[in-house]
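Note that the chains are named A, B, C, D, E and F in the order they appear, and that numbering of residues resets to 1 at the start of each chain.
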Amino acid sequence: MRIDGREPMQLRPIHIETNYLMHPEGSVLISVGNTKVICAASIEDRVPPFMRGEGKGWITAEYSMLPRATETRNIRESSKGKVSGRTMEIQRLIGRALRAVVDLGTIGERTVWIDCDVIQADGGTRTASITGAFVAMSLALNSLAEKKSLARFPIIDYLAATSVGILKDNQTVLDLNYAEDSKAQVDMNVVMTGSGEFVELQGTGEESTFSYEQLQGLLQAAQGGLVELFEYQKIALGAEIMKKIEERRKK
Amino acid sequence: MRIDGREPMQLRPIHIETNYLMHPEGSVLISVGNTKVICAASIEDRVPPFMRGEGKGWITAEYSMLPRATETRNIRESSKGKVSGRTMEIQRLIGRALRAVVDLGTIGERTVWIDCDVIQADGGTRTASITGAFVAMSLALNSLAEKKSLARFPIIDYLAATSVGILKDNQTVLDLNYAEDSKAQVDMNVVMTGSGEFVELQGTGEESTFSYEQLQGLLQAAQGGLVELFEYQKIALGAEIMKKIEERRKK
Amino acid sequence: MRIDGREPMQLRPIHIETNYLMHPEGSVLISVGNTKVICAASIEDRVPPFMRGEGKGWITAEYSMLPRATETRNIRESSKGKVSGRTMEIQRLIGRALRAVVDLGTIGERTVWIDCDVIQADGGTRTASITGAFVAMSLALNSLAEKKSLARFPIIDYLAATSVGILKDNQTVLDLNYAEDSKAQVDMNVVMTGSGEFVELQGTGEESTFSYEQLQGLLQAAQGGLVELFEYQKIALGAEIMKKIEERRKK
Amino acid sequence: MRIDGREPMQLRPIHIETNYLMHPEGSVLISVGNTKVICAASIEDRVPPFMRGEGKGWITAEYSMLPRATETRNIRESSKGKVSGRTMEIQRLIGRALRAVVDLGTIGERTVWIDCDVIQADGGTRTASITGAFVAMSLALNSLAEKKSLARFPIIDYLAATSVGILKDNQTVLDLNYAEDSKAQVDMNVVMTGSGEFVELQGTGEESTFSYEQLQGLLQAAQGGLVELFEYQKIALGAEIMKKIEERRKK
Amino acid sequence: MRIDGREPMQLRPIHIETNYLMHPEGSVLISVGNTKVICAASIEDRVPPFMRGEGKGWITAEYSMLPRATETRNIRESSKGKVSGRTMEIQRLIGRALRAVVDLGTIGERTVWIDCDVIQADGGTRTASITGAFVAMSLALNSLAEKKSLARFPIIDYLAATSVGILKDNQTVLDLNYAEDSKAQVDMNVVMTGSGEFVELQGTGEESTFSYEQLQGLLQAAQGGLVELFEYQKIALGAEIMKKIEERRKK
Amino acid sequence: MRIDGREPMQLRPIHIETNYLMHPEGSVLISVGNTKVICAASIEDRVPPFMRGEGKGWITAEYSMLPRATETRNIRESSKGKVSGRTMEIQRLIGRALRAVVDLGTIGERTVWIDCDVIQADGGTRTASITGAFVAMSLALNSLAEKKSLARFPIIDYLAATSVGILKDNQTVLDLNYAEDSKAQVDMNVVMTGSGEFVELQGTGEESTFSYEQLQGLLQAAQGGLVELFEYQKIALGAEIMKKIEERRKK
């Protein structure tokens, strides 16, 4: 039994509240246990300089935590005047992951800006951000598709992320909370499509290492959690958008 | 009649949800119409260098907006690497205002950090921040008082803020939303104590000016709104804390 | 009687030396007692990006202190690599105030850059900056009007600023020096036009508050000082420019 | 056959020149084909603030490229005034990887600074950095062990890294050069110990995805290359240090 | 004859106004023709970290220009967030030059901060800064010597600087103004002691070169100007300080 | 006899390895004793904004040290977020010196970027950088001349640099290593053309001064060393490029 009473392969309670904000083209408040992230998707009618003239779109993400999302207050990156390495790693990961399930040619020279702002942190903020951002982005791109009648629906598959890890007692667990994460030997983030393909795999031994057999156990645990997460995303998006994604996925 | 159907002297709907976050010593989500701000109060057991050895506490505030709190996305200050002049003005104002109603000698060499993060903006974010921050700070200082049995309760009066303005048609209005604010001739923020004393008064003619008579009308409008805001704060804080503030106020 | 022997409602000695520098289109050295500020106005033949294509001009200000303008040396903002909140607040105030008395449509797509550099500080540097900057700007815009034969003279009224405050002994005083300012309970800056209209009003209780009656006393004190300051400005500008401003003011 | 004539599972030519620089406690110039990195290890007699008083050591890394290490000149990060997200990701990875094979308690409150400066880049700079940095660090820690007679030899296993990927034609290849890397569908970096345990696994679909079967092929390819790399490290370190590592590894 | 009517070996008019500011321990306003610099010397009772514990003092300088010191407005370095290479070169030069004529052991662990702020620029701002800074520093150190009764007077010689150059027509001239400087082939700054020894020599061919014979002519020209500058410094410092410097110089 | 056994007028061993890197248009690894610098020359087909439209080229230089080029590790300027004054001085010097021997009109609107990266430092890094950069630049401009058939060969003379100094025992020496440099009374860098003309002369008394006679001795010493350095450059460049430079030099 885990600290918070869960089974090893059990996710924390998931809630996805869509259209949480009035201004963005798409937005959600996602809760994974006590971890809460506001994900907003904004559409801008141009691409960054290095993409101009290619007729393709771009997706980029920014990630931040409120200073008191954490147990002790952390200093704002705007006050420090620079963004930490950890933040940069996370926002590069979110953007890269989302680009894997969007047909960028379909959306034309537009940028989808994803903002993931962690309101409350209890472990797994980057995977919650990806899972929530996929929904926010889908809402925004759906509204774009409706307004601009794109040639095809631009989202080609579902996308979600979760963490798995090996605790000090060698137990493999799914969806670590902060207390577990800070004591785990091995920590792995898995980003997967609705079709069960990997998009990103980041496994780290924390002053520790892991064997090929342990890796297999971790990947299996992740897959179990991700299948559930796709179901929450489908409910949040609703039947109409689900149908459009399924159609693109088949092809 | 105003854009959103209000009377000239009518506040927008106010909601104050206390203990919105699990980590901070005090926190609220305040809504003033569509303007929504998360206010968190954190207590740190030391003061900034310039205050050390005086045996007094300090209160300081930081203010930020989520990139998509606004109609068009604004660039994060952490990405720009510097905090704008507007942000600095607002956070200096919030800190200064709160310090006027706290007996800093009572709390010892501690800092109260106030974080006001605007989730959604529709005008009046700085005044909503002050009104919400007062409640978050009161919760935090009350919990400090309970744990550390301070010599006296440190809060000596209520504190709230609102905006008033003169629209293009010369009408004086209370609590401007963004559409009104961006077209007003005169814009004034008033910070007041529960006893009706001014703490801060900032009136600005926007490429315009205002007369002494107009100033009197603006101040009267502000006072009407502030009396209501104090009632919302009292309900949010509850009878026990209210009683402690009233006791200190009498003296 | 005050520290420096003045009456409560007495300004410090005022000197305005025009054309203090050889390069700028307009410049002054203003002294308000021991406070000395060099104000320079530069005209640039374009406006910032957010104003382009509107056919209107813009006025913007920068403010700085020499490191040893103050009793103890303060670190240069260029060495710190960032501008302080206080500096930003002041330069935003100066620019906003000046824009209230200029017909921006008349000057076309040009920017007036105002530089206020405090050579020596003894309280009231922001109000001295506004009072001096108005004269420097008037000289620069007059020379522009003469060279480019603008459709109309662009300055529509005088503009000056002063500070008023309430000392610890509850006395209301005009034009506080540094020693008074650092011990005042209430500090208020008033920016007014030659016609007696308010442009900006910033009153602050310094860990203190003020009543409606005290506010009335402060405003009356300010008005007395401002009437005198307008006379100094008129002498500095000379009869010809005075006449042009008066003509615009009437309409 | 690959662009440069190699077999799919063939590494590029490896050279490790030890003690390349006169000042650092340990240094190498490592070449992996045309990729050349200077790795220097410096020992400092203190740890960062967050580690003080724990009696343990710390290992941290910095990574940089000369501006003309690449085909077109890239701007120096010192000129830009900030370190890119990519650089931060890489230096965090190098430090984390090295810490997995060092018994930090043995070295006391000391920091090992690893500097990886890419002189010439042709793909795989981060994995070459890790492989070279392990040798430089071993030399530095060996000299520390000799001078300070540490209780035990601090290095507990070998550590090397390589990249594997899936090209556009679905071929899985080992040790991608820049031309291959920029066109690969999937790119994976694998950091492994001499005992065959994973330390870090980072697989990324580049606007693409990969299946579980493909993952297995990638890991097998990586393992083949890593076994060879450990041999190059052993030759570079020499028999004496090899023996010390082997002894610690057994326990 | 030169642009401004001077002879080739003629300095521009020199004025040194001592005690120009009320706060610093020493200050001057120096004019060299139209070039005007405020030099302030501040004494701080500690030395920078790298000097602590040596029982010696330190002298450091900062240099800046007002934005409109020049013909076209230049952007403030505080707004740009960094100090230019030119500014750094100049402030390093000023500090190094002054340290050559001060017995740093005599002043104890104190720092003399020199601030040179160019109010108006017409060529030769760095040499005017050195010449003026020497006077400001002498006033400050004299007042320190009087208050703290130092073992010996700390200034061991006079110090001044001037520029010389070769114009396009091959004429060697002394003390170039901006118009001359911007068209000169060769530009040389010479810093010399009252005893005729060189402290610093910086000669530069501006997309041009110079022969050994030309160098000799330049040095002779500089020496002529410097002899005059020492006389202006002596008058500014007055008989008492002059006597103290002469006494130290003899030994 | 000197610390390292050299005669006072003896250079350290010089090696210039051309085409050290595969990507740049020209590159060398220059060793002057233990000082080692990689110099790379890159050609960009545009000039900086302030040069556009003049039909001329530009040459600019950047200089950096690896963190462990020095005896104790120095912090990277990219980590500090700013470039030091010393670095700026050096890079301005390198660029200025090289521009003196290039006919900028001949190369059209192109920029030559010079990167000098110090791999190992033992005194004289800026002069080694200039001497090496001249060779790298010559290789790059020769390859440009061959590809673009420029109207004339753009290099009009050789260029090298060395340091001379006066040690504590009053001995004048050539080419100081770090141990000598850090104890010298006077330090002078001399940049000269192959025709024996000065390009740059920077002499500094380090808390010391120097006489006219000493200056003459220093310049004579420098000239002796420079004559040798030109020979090393000629060998490195080879007969063909030598011939082209000689032809331009004659005219």
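Observations on the model:
Here, a residue touches a chain if its C-beta (ideal position, glycine included) is under 8 Å from a C-beta of that chain, and two chains touch if they have at least 3 such contacts.
Note that the structure is predicted; figures quoted are calculated from it, not measured.
If you take chain C and chain D together, no chain is in touch with both.
Its C-alpha atoms fitted onto chain C, chain B is found rotated by 180°, rounded in steps of 5.
Ranked by distance of CA centroids from chain E, the top chain is A. For the pair chain D and chain F, the distance between C-alpha centroids works out to 34 Å.
Centre-to-centre separation between chain A and chain D, using Cα means, comes to 29 Å. Averaged C-alpha coordinates give centres for chain C and chain F that are 52 Å from one another. For chain D, the set of residues that touch two or more other chains comprises 81-83.
From chain C, proceeding by way of chain E and on round the ring, the chains are encountered as C, E, F, D, A, B. Residue ranges of chain E in contact with chain C, taken from their complex: 21-24, 27, 34, 38, 40, 42, 44, 62, 64, 66-71, 73, 76-83, 87, 113, 115, 117, 119-120, 122. Residues 82-86, 88-89, 91-92, 96, 99-100, 104, 188, 193, 195-205, 207-212, 215, 219 of chain D are the ones that touch chain A when the two sit in their complex.
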